[in-house]
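Alright, structures below, take your time with them.
Okay, so chain A shows up in both of these, paired with chain B first and chain C after.
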Partner chain A sequence: MSKRVLLGLLLSISVAAAAAAQEPKTGGVINAVIQPEPPGLMLAMVQNGPVQMVSGNIFEGLLRYSPKLEPQPELAESWTVSEDAKTYTFKLKKGVTWHDGKPFTSADVLFSVEMLKQTHARARSNLMQVDKVEAPDDTTVVFTLKQPFGPFLGIFEVGSMPMVPKHLYDGTDWKTNAYNNAPIGTGPFMFKEWQKGSFIRLVKNPNYHEKGKPYLDEIYWQIIPDAAARSVAFETGKVDVLPGGSVENFDVPRLSKLKDTCVTGAGWEFFSPLAWLWLNNRQGPTANKKVRQAIMYAIDRDFAKDVIWNGLGKVATGPSASSIKFYTDDVPKYPYDPAKAKALLKEAGYNGEKVRLLPLAYGETWQRWGEAVKQNLQDVGMNIETISTDVAGGNQKISDWDYDIAFTYLYQYGDPALGVGRNYVSSAIAKGQVFNNVEGYSNPEIDKLFADGAVATPDSKRKEIYEKAQKILVEDVPVAWQLELQFPTITRCKVKDLITTAIGVNDGFKDAWLDK
Partner chain B sequence: MLSFIAQRVVKGVIVLLAIVVLNFFLIRLAPGDPAIVMAGEAGASDQVFVKQLREKFGLDKPLPEQLLIYVKGVATLDLGFSFRQQAPVAKLIMERLPATLLLTLTAFAISLALGILFGTLAARFAGTWLDTSVTVFALIFYATPIFWVALMGILLFSVTVDWLPSFGYETVGGNYRGFAHVLDVAAHLIMPAMTLGLFFMATYTRMTRASMLEVKRLDFVKTARAKGLSDGVIQRRHVLRNALLPVVTLAGVHSGTLIGGAVITETVFAWPGIGRLMYDALLQRDYNLLLGVFVICSAMVLIFNLITDLVYRLVDPRIEFAA
Partner chain C sequence: MKQFWTSMLRNPSGLIGLIILLLAIAVAVFGPLLFPNSPWRMVQRPFLPPFTLSTVPLGTDALGRDVFAGLIFGARVSLLVGLVSTLVALIVGVPIGAIAGYFGGKVDDALMRFTEFFQTIPSFALAIVLVAILQPSIYSIVASIAVVSWPPVARLVRGEVLSLRTREYVQAAIVTGQSHGWIIWREILPNALSPVIVLASLMVATAILLESSLSFLGLGDPNLISWGYMVGAGRTVIRQAWWITVFPGIAILISVLGLNLIGEGLNDALNPRLSREGR
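What follows is the complex of A and B.
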C-alpha cells in the first residue's frame, strides 16, 4: 500500500470517527438554572426572560433564525413573498399535534394572532403592519400587509409570536385559564411538574414533529434565587447549564476555568442586548447636545467592559449593535477623553447643576457600573446624584420622564425596524411608557429615515437609509450608548448543541444532547 | 380561660383588619405598579397596553373601591387572584407555607432549646471559662449577618467537605419515598435551619443567662438553699422557671422576626418558602399576593402571641387570664 493511500485511509477513518463522535446520542437529563422564577409559563401572556427560556421548549413559533438571522422552518415548512412584498404565504407542517394530541392547524395561527394583539405588547406592535390574516385551508396562512415591511419575516420566532392552542383558550377567560400554569404547546418538551420555588420539570414529547428529536429525556429548571448559590450549584455539579445572566459577571472567569466547563457567547444574535444611558433631552443639562456629547467623552467604556463586565461584550459605536442588520461603524467616534468632555461642558455653559443618575437595579454588576459612571462624570466636573430604587420604582421614574440620566439595556430583535427605531422616532414619545423614546429626542429627518427604512426594498436601499440614520444619531447623542452586552452561557462540556440558533437558550433544547 | 381566648381572638381580628388597611395603602405608596413592571418585561410598551393591564388588574378603579373589594374578599376568606402568577393567592401561599413553617419552627426549636441550655450553663458557671466561651460564641452569632453565616456554611459544608446540599428543599429528580424522603429533606434543612436558628439562639442564650443571674440573687433562692434543696433542683425548679418569663416574652416577639429573617435564609438556600414569595411579590408589585402574605404572616404572629400568653400561665401559675 502506498504512503498516499495509507494516509488517505487514515484520514478518512479519523474523519469518520470525528463524525461518529458528533452523532447526537439519545437520552439523559439536563439540570439548568432559571432565574428569577417565572411568574407563569404561558408565553402569550407573560414575556419576561425566564418565561421565554422555559416555555421556548413547550411552545413554538412559525420560524426560528440561524445565527446569521436567516429564517428557518419551525411550524411553517415553507413561505413565499409576493412581488409587491405585501403578501406572505406560509405553508404549515403537516401532522403537527399539540401535546394533548389535537392537531395544530391554520385556525390556531389565526387565533394566536388575535390573542397576541391583546396580550403581547411587542407582537401587537409588529402586527400593526398587518392588514388581514387568512387561512384558505388547514395548512396555509396568508398575511397581507398594509404596506411592504422589510423585517416582517423577523417577527415569527417563539418569543415574539408563540402559537397558542385555540381549542384550549378560545372562549375562555385567558388570564385565569388553568393552562397558563400547565401549558400545552407543540414544542419538543412537554410540561410535567412545577414545584413552586424549587423546580420546573419538562419531559420529552414523544410525538414531536421533527423525527428523532428531541434527544434529551427530561429538563429540570432549578430555581435558585441567590447568585452566589447558583455559582455553587454549578461548582458542586448540581446543575449542568447556567444560561446567560444567571451568575454575576465577576464569577464568570472563575467558573469558566473549572474542569470540564465550556463557555459560549453565542445565541444572543437575535436579541443583541445593547446597554445605554437614557439622557433626558427635554430638560436639565442633558437637554443640551454638547452636554450629551461631553457625557460620551467622559465615560471610560473600555474600563466598564474590561473591569465591570470582565472583558465580556463590546464597546457600542451607536444605536445599532454590530450583530444586527445594516450596522455600520462608519460613524462619529467618542473615545474616552475627559479633557474634551470638560471643554464641551464649558462650551455648553454647564455650571454644576445637579444631575440625577438612575442606575439599574439588576444586581451587583449594574450597581458597580452605576458607581463607575458616576465617578467618570464627577471627574469632568458634573454634579451627580445617584437615585436608588428597585426595578418597579425605576420603571415608574423613567416612564414619568422623572430622571436626567438612567441606565437601561434593550433587545434589538435583529433589525433596526424592530428594535432600534422605536427608541428614536418622535411618534414613540408618550408619557407612561417604560421604553420606546423616553428620552424625548425629536428629529424629523430621523423620523423620515426610519419610516422609509421599514418599507424600502430591496435590502441595499434599506442599508443606505439605516447607515445614514446611524450617523445622524451618533452625532446628536440622544442617548449615551455604552456596551453591546454579552451574557455567556456556561455548561458542562458533555452538553452538546445547546445553542444552534440566533435565539439561543430561549429557543428550546430540541437540538441538545448529552455526550455521556 | 375560654373567654380569655375568645377576647384575644376578637382583638386579633381587629388588629388584622387594621394591618390589611394600613398595608393596602403602604404598598401603593411605593412607586411603580404591576402594569409598569409587566410592560417593562414585555420588552415594549404602549399606552393602550399599559391601560389594558391596569383594567385587567382592577387598578383603574378608585382606591377606596379597590380597598372595599379587597376587605370584602378577606372577610370571606378570599385573598384574591395574583394576575402576575395567574393563580389564586391562597393557592400560591398554601404551596409555600409548609416549607416556611418547617424551616422557621425547626429554627425556633433549635434556637430556644440551645439558647436556654447554653444560657443556663453560662449562668450556672458564671465567671468561669465556660461562661466566657458561651458568651463569646453567642456574641459572634448575634453580630454576624445571617447571609454571611449562610454563605460561609455553604462554602464549608457543601463546597469544601461536601457533607450537606447547598440549596433546595429536596434532591431534584431524586424521587425518594417514605423515610428516605424524610432524611433527604432533613439533610437539606440542616443548614438553613441552623443559620436562621443561630442568630436567635444567641439572643436566648444571653437573655437566659442574664435573667438567671438576676433571679439567683433573690431571697426565695436563698430560702430554697437554706431548706437544703440540691443545687440541681434549685437551678431547674426555682431559678430557671422564674428566669424563663422574659425569654418567653422575647420568643413571642421573635415569631414575626423569624419569618422576616426567613426571607434571607430562603433566598440564599433556595428554600421554597413564603419569605421568598413575599420578596418577589414586593419587587413585582404583585399587590394581592403581597397583601395575602402579610395577612397570613400577621395572623401567624397573632397566633404565636396568643400561645405566648398561654405559656406564661404554664410557666408562672400566678399570672391570671386577665383580659
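What follows is the complex of A and C.
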C-alpha cells in the first residue's frame, strides 16, 4: 500500500515567504474591535462569529488553510491518506503544551472529537462519515471513515474543530466548567481578563510551539456597541484593527482614505459568504422557471456591488462562490438585461400578480439593497411589495416558507459537500429553518449528483460531478445568486501579516506584527 | 363666515401658514405629474452633491436616487397621513366626547376612564408598538396615529358639551321633545366646533411629525417614500452627504410650522375675545 504524503510544511513556507517580505519585529500591543461582545470564549461550547474571532487566538485546530484552501500544518505537522481514501493518519507536533503547562497529546484529540460531537452542531455533521478515531501513540491520530468523504481534510480549522484540554474537561460538567470563563488552549495568546462591556485582554504565550511567535505582547479586543462609535474609535486611534463587518459599508471608503490605513477583503475564502435571494419554488410567480430566470436578468448586480457594497465582493455566477473547490464559471450567464427579463416574464404569462420581497434586517446596507432590487424588478414590470420585519420576524416567515423573494447570505465552508449542496438537495427541505433548502427546489438529478460528489474519488471525478451540478442549477435558477460578499478588514498599515489564512482574523494574531 | 375669512387673512401668521399649506398640497397633488419617475429609481451616481446637475437639483442619495423627487413624493405621504389620521381621530374622538359630555353620569365616567386609559400610555411609545405589531404599512401607521391622537379631542369636546348642555337653547330643545342625537348634532356640536378646528390643525402637524418619527425609526411603509424615511436613511451617512438629511428635514420643519401658524390664525379668527393681540 503506497501512501500519498503531503508535506504541508513546504506549502506553509512558500505561503509565508510570499506574504512576509519584511523581517517581522517583536513586541507591541494591538487594539482590535470585537462586535458584538461574545457570549463566551469556550469555542467548543459556543461558536458565534465573535467567539470564533477572539478564541482563534487561544485555541488551535489540527490544520489551517491557505487562501487557496490547501491544508497547512498547525497542531498536526503532517498527515497521510490511505489509497482507498478511508484512513487519515495525523502526526501531531511534538513539544506542544497547553497554557497551563500540561503536554498536548493524541488523547486530547480523541477527547475533543467526542466532546464536539455533542456540543458543536457543524462538527457533528462533519464527523458523520467517521467510523472510528484511534490513537496508536501519543503523537498519532487515525481517523477511519465509513466511506470515502472528499471534503474530509477541510474540517480541521480551529472554528470547526478546536482542540480542548482533556485534563481540564474530562469527567466534568462541560457547561459549568470554570475554565469556560478563562479558557485554556494551545494557541499563541493566553486569556488574561475580560471586563464585560469594555474589553477582552489576551497576552502572549511565551511557550508557544512555533519558535519566535507570536510577535505581539498583548491584544485588547475593544467592545464598542455603536457602529458610528467604532468608526470614530478607529479614526481617533483608539483601535488599530476593524475586523470585517464591524463598521457599516458606507463608512469603509471614508475610513480607507485616512492616512496610514490599509483595507483588505482577504481572509474570508473558507467561509465565502454568498448572498442570494430565496425564490419560492413552490407557489406564486416564482414557481415558474422563466420568472426566476427573468429575475436574474432584471437585477443589476454590478450596481449592487459597486454602490451598495462600495465595490467590494464579486458578482456571483452560480451556487458556488469562486473560492470554493470545484467552482466553475462555465455556466449559463445572466447579465443585466431588462429587455430580456421583460420578454421572459411575458413568455411565462406573468400578469402583475403581487410578489412579496423580504429584505434582511441586518442594517442599512441590506435595507438599501432591498430597495435597489425592488426597483430593478419593478422596472421590468413586476409588482413588488416590500415586507418589513425585524430579524426574528423575517426568520419566522422564511422558515414558514411564507415569502416569494427573500434575501439571505450563507457560509460555504470551502467544499461543495459541506456548504453548497445543503441548499439544493431535496433531502434538506424541512420547515422551521432559515438555511438549507428553503426555496423548495427538488430535482432528483441534483440529489444524485451531490450524493455522489461527496463520496467520489479522486478529486477529478468530484470536479466532473460538481461542474455538472453547477450547470444544471444555474439553468434552473432555484435561487437568485447575487454577490460573493467581502467584509473588508480595516487596519492601520503598521499592522502586518494579520491575515495569512483562509479564515483570516479568526485564525488568531499568530503571524501578526507591528512595524514601529 | 365672511368675517372669519377676513380676520384669518388679516392675521399675518395665519396667512403665511395658509400659503405654506396650499403650496404643500399643490406639490403633493401636481408634483408627481411633473416628475413621472418613481422616487426610488436610481438616476445618477450616488452621493451627488446638490446644485451640481440641473436634472437632480438637490443631489442624490446613497443609491443615486433623486432627493428632489423624494421630497415631492414624500409630501404626498406626509400630508395624506397627517390629514387622514386626524380625520379618523376626529371621527372617533368627537362622538365619544359629545356622548360623555351630554349624558354625563355613568356614561361619562365609563367613557372618560376609557379615554384616560389611552392617555396614560406615552403616545409615541404606543404608536411604535402598534405599528410594530400590525407590520409597517400606510394603513397601520394612519391607524396607530389616530389611536394615539383621539383622546385629547374627546376630552376637549366633552368639556365644551358640558358647558353648552346647560344653556337655555339646549334646555328649550329638550323641552320641545327633540331626540338626543338631533340635539347633539344640530344644537351643541356646531357651537363646540371652533376649538376643535384649532386643535385639529395642530393635530395634523403632530401627525406629520409622528409619521416622520416612525419612518425615521424604520417603521415607515417600505413601499412609500416619506420625509421621515429620507432623514432616517440619510442619517447614517450625514458626515459624507448632509443634503440627504437636511432637505427633507427642512420640508418637515416648514410644513409643521405652516400648520402651527394656521392653528394660531384659526384660534385668533374663531375666538376673537381670546385673541392675544387684544384687537
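Operating definition for what follows: the second predicted complex is superposed on the first by the 495 of 516 C-alpha atoms of A that agree within 3 Å, B and C clash if a C-alpha of one lies under 4 Å from a C-alpha of the other, contacts with A are read in each partner's own complex, and residues count from 1 in each chain.
Methods note: a residue touches a chain if its C-beta (ideal position, glycine included) is under 8 Å from a C-beta of that chain, and two chains touch if they have at least 3 such contacts.
Keep in mind that what you see is a predicted model, and the values were worked out from it rather than measured.
Visitor: Mind checking the superposed model to see whether chain B and chain C fit together on chain A or clash?
Guide: In the arrangement built by aligning on chain A, the partners chain C and chain B fit side by side.
Visitor: Of the partners chain B and chain C, which touch A:Thr389 in the superposed model: first, second, both, neither?
Guide: Both partners.
Visitor: Name the contact category of A:Val141: first (chain B only), second (chain C only), both, or neither.
Guide: Neither partner.
Visitor: Thinking of the overlay built on chain A, is A:Gly40 touched by chain B (first), by chain C (second), by both, or by neither?
Guide: First partner only, chain B.
Visitor: Once the structures are superposed on A, label A:Arg254 by its partner contacts, choosing first (chain B), second (chain C), both or neither.
Guide: In the superposition, A:Arg254 touches chain C alone.
Visitor: Can A:Lys374 be said to touch chain B (first), chain C (second), both, or neither?
Guide: Only chain C is touched by A:Lys374; chain B is not.
Visitor: Have a look at where A:Val479 lands relative to chain B and chain C in the superposition and call it first, second, both or neither.
Guide: neither
Visitor: Between chain B (first) and chain C (second), which, if any, makes contact with A:Asp226: first, second, both or neither?
Guide: The answer is first: A:Asp226 touches chain B but not chain C.
Visitor: Contacts for A:Lys238 in the overlay, against chain B (first) and chain C (second): which applies, first, second, both or neither?
Guide: first
Visitor: Among the partners chain B and chain C, which is in contact with a greater number of residues of chain A?
Guide: B
Visitor: Return first, second, both or neither, reflecting whether A:Tyr411 touches chain B, chain C, both chains, or no partner chain.
Guide: Only chain B is touched by A:Tyr411; chain C is not.
Visitor: Could you grab the smallest C-alpha gap between chain B and chain C in the overlay, to the nearest Å?
Guide: Once the two complexes are overlaid, chain B and chain C approach no closer than 8 Å between C-alpha atoms.
Visitor: Please write out, lowest number first, the residues of chain A touched by both chain B and chain C across the two complexes.
Guide: In chain A, positions 228, 389 sit in both the chain B and chain C interfaces.
Visitor: Hey, which residues of chain A end up touching chain C in the complex?
Guide: Residues in contact with chain C: 227-228, 248, 250, 254, 303, 307-308, 359, 364, 367-368, 370-372, 374-375, 378-379, 385-389.
Visitor: Any idea which chain C residues touch chain A in the complex?
Guide: The contact residues of chain C facing chain A are 38, 40-42, 46, 62-64, 135-136, 218-219, 222-223, 233, 236-237, 239-240.
Visitor: Which residues of chain A touch chain B once you look at their complex with the stated criterion?
Guide: 29, 31, 36-37, 39-40, 42, 45-49, 118, 120-122, 124-125, 175-177, 180-181, 195-199, 201, 218, 220, 222-226, 228-229, 232-233, 235-236, 238, 389-397, 399, 410-411, 422, 430, 432-436
Visitor: Residue numbers of chain B touching chain A in their complex, please.
Guide: Answer in residue numbers: 30-33, 36-47, 49-50, 52, 56, 81, 83-87, 92, 95-96, 99, 151, 154-155, 158-159, 162, 165-170, 172-173, 266-273, 276-277, 280, 283-285.
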